[in-house]
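Structures follow.
Consider the two complexes below, in which subunit A is the common component and subunit B and subunit C are the respective partners.
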Partner chain A sequence: MRILVAVDQNPYSAHTVGEVAKLAANTWANVSLLGVQSKRVPKNEGSDAKTRSWKTDGPLPNVLSAYRDNFLSYFKEEDCPYTEREFGYKMIELRKGLWEELYVCKSAKKNFRALIRIGNPVKEILAEAKEEETDLIVLGCDTSQGCSWENNMAVPQKVANDAACSVLVAKKEKKVERIVCCLDHDRVSQQSLEMINQLVTLHSAKLTIVGFAESEGIKTRVEKKLDNVLRYYHERDIEPWIEIAELSSLDTFIAQEAQWGLMALWMGKMSILEKALPKSKVKKLIKGSESSVLILR
Partner chain B sequence: MIKALVSLNMDLASSIALRYSCRLAEIIGMKLHTMHVEEVDKEGYSPGTGWVRSTWEKGLLQTSQEEILQLINTEKSSCPSLDAPIIRIGEREEELLHEIDDGSYDLFIEGVLHSFNAVNFYKKIQSKLYRYASCPIIIVKNLVDLNSIALLLGDDTDVRPLITSILKIFTKSELTVDLIHYTFQKFKGSVFREKVDDSKTPGRENGDKVLGKAEMMLSEMGCYPKDSWVIQDSPKKIADFLGGYGLVAAYIPSHSGMKNRLIELLSQVPSATLLCRR
Partner chain C sequence: MSDEEKTSILILDDEAIVLKRLRPALEKAGYEVETFVRSSDASSRITERQFDIVITDLKMEGLDGMQFLTQVKERFPKTEVIVITGFATMDTVKESFQKGVLDFLAKPFKLGEILETVKKAETKIKQADDS
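Right after this comes the complex of A and B.
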């Protein structure tokens, strides 16, 4: 799994890095920390041309460096899959029956990178995710600023809506007690189920799986899929609750159930939620809710 | 030994109910009987008379039996005491009521998926089966850990019917029992949730009285509740709190109207719910 953590200089990004480190410890994912230096001049810094130029010892590189140290501090040195290089002697079989002790350099088991891109944060995050074929983008924000980043940009909302992969908008205001998971049972991927499994374990949270009913009731095939999902989690010692919601009351349902700390929405191509939840509603949910939001694709 | 009837269909709700019943049977030493009623539309009920009808019914029974056996066999490894199901053709509620009466069951169990829309739950509560069943009913909404039971008490009149039913079913089990006195928050009124032993918020005197009476009835039979709570909040908030219990039990008189807020509360409880109606 490849995780891209988009960060800025606010405290919520530090929290996000910690959350990803815990997730990475369980999944041994390839992780990239990405900071984006905006070309736009922040309003409070005036129009001095010097503030526009990016410096390697500027605040963003320093913050990124601190995040890297913080991320790696979650791993014991000997268990860390991201340890860059390790030199040492190792017996290597040169040919059948002939071994030689050679001085070798082992590379890290998994990649961990810290990057800075210059430009529009949304575009750069999406470009990096596309280039690196990222599976999950993680970014933080807090509701006190309407989930906006620098220059009042709605970066998390736009990334969540426009990314081709899954996106987790992590907030620290609310402890994750329960993960409410709205899945499209026809198309949900094994990888998404596994990601939910990881998050449940990570937060020691409970899980609710939501099935969508049309006006005439829940369909048999949806029930079968729900049963399969239920058994999948039972085999992993997780006992999810099942809840049925009608598509007509989707807005109310999401507004009410977002109280539990993490709302996961399956919004893959042609999914029920992609049709039923326009981008404006996803933006509103991310902006207004104190809970984290996971968009699964 | 407690004798329970579990209603089964080929659906997810029944599968969950069966698994929950097996867990419960193990804890309280209960004998499970399963039953499926094959409902046929009135138009299609009688394709003929005599031999034609009899053959048609036999075929229908056999198909239903095979399907339900498949459901039971899936659970057989964790619930070996399950016998062959009772299969009937007819009107579901009528057939189940007959069986409950004829078989003198102590408990009726069925699965109903937990729904954000409470309409189905209201319909269940108002149904003939739920109004006339001679024994308590457990509605299983989710497969939850049977660690503890919450007894919901609204006023003095709830105590005797609820405690009597509970003692009959759970007297030999070692499940933890909590007593909960609930009142609903009036418009913008105060909310509280506290244990009886903690500081007393004004207005909870009636709760203390009701809980005291229930506690006394239980202790006379050697059953001692772990905690006693007094809660005043909205139905949704109380229901969220009750989600932590493996079973939530309440007394709803058979004549209760649709406007009963306890029904609104119970419709939102995600755990299994025991309804005592007599």
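Right after this comes the complex of A and C.
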């Protein structure tokens, strides 16, 4: 699994890094910690050109270093897949038939990178995710400011809407006791079920699977299809609670259920929820939800 | 393993959809692949022949992946084992490495990630053969 953690300099990002460290300790995921140096000048800093310049010892690199140390502190040294400890000579094949003994640092079992990109945060986060074939983007947000990032930018909402992969917007207020997972019974991807499984395992959380029927008449058909999902979980010793809701009451349903710690929505291409939830509604949901929100793709 | 022989891979996962995705990708990359949905069948197969690389899921009915990889490593210590799992925990990671697996991949993963890991296993086997 490849996880991209997008961070800024606010405390919610520190919390998010901690949450990802717990997930990484279970999964040994390859993790990239990404800070984006925005070209936009904060209003309170004036338009002095110096504020635009990039410094390797500036606040963002410093905070990124602190996040890196915090992330690695979740691992016992002997169990950490991200640290490189052994130096020595090793025969390396330079090209077919030519080997050279080189002094190398044996690579860590998994990759952990801390990097900074310069530009528009949303564009840079999405570009990094695409280049690295990320499976999951994770971001925190300031809930007191309506889930915004620095400079009041709606970065989490935009990333959640436009990413090609799954996106988790982590909110620190709620402990994840139950994961409410709204699935499209017809087309849910294997990758999405796997992502849910890892999070259920991580949080030892209860799982509620919700299917949506477009009308009362097709409830039975949806129930039948959700049986397959139920069987999938039974075979894996997970006993989810199954619910069926009407698509017409989607907004109310999500608002009610978004209190359990984690709301997951399967929004892959051609899914019911992709059609029923336009970008503006997803933004509103992420902004207003007390729970963390996971957009599955 | 000579240069002419294809690297052989056994994949065990109780989800057919995973095998359906992995098999063609690995065959396309030039590997000889056998897939198994039931651990008992995979377990019998390793009594008949050695594989260079074994890719196994952990959580399965009957003989689970941890027991299966233990059998593999006991019988063929040089076989490189890669664990893939949808229910990763710190304990399963630790136990897997104690049993000598080469790598541990949590699902979901992209095909590129597993191909990279298989390549790593192949290089290790080649280096062991050459030394």
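Convention: the second predicted complex is superposed on the first by the 267 of 297 C-alpha atoms of A that agree within 3 Å, B and C clash if a C-alpha of one lies under 4 Å from a C-alpha of the other, contacts with A are read in each partner's own complex, and residues count from 1 in each chain.
Everything below uses one rule, namely that a residue touches a chain if its C-beta (ideal position, glycine included) is under 8 Å from a C-beta of that chain, and two chains touch if they have at least 3 such contacts.
Predicted model only: the values in this text are computed from it and were never measured.
Touch criterion met: A:A25 reaches subunit C, while subunit B stays clear of it. By the touch criterion defined above, A:K109 reaches subunit C but does not reach subunit B.
When both complexes are overlaid on chain A, the residue A:S204 reaches neither subunit B nor subunit C. In the superposition on chain A, contact of A:M91 is made with subunit C only, not with subunit B. No residue of subunit A lies at the contact with subunit B in one complex and also at the contact with subunit C in the other. Residues of subunit C touching subunit A in their complex: 14-15, 17-18, 21, 59, 61, 86-90, 93-94, 103-110, 112-113, 127. Interface residues of subunit A, counted against subunit B in their complex, comprise 208, 211, 213, 218, 220, 223-224, 226-227, 230, 234, 239, 241-246, 249, 252-253, 256. If you check the complex, the residues on subunit B that touch subunit A are 11-12, 15-16, 113-117, 141-145, 236, 243, 270. The touching residues of subunit A, counted against subunit C in their complex, run 1-2, 25-30, 79, 91, 109, 133, 135, 190-195, 197-198, 201, 235-237.
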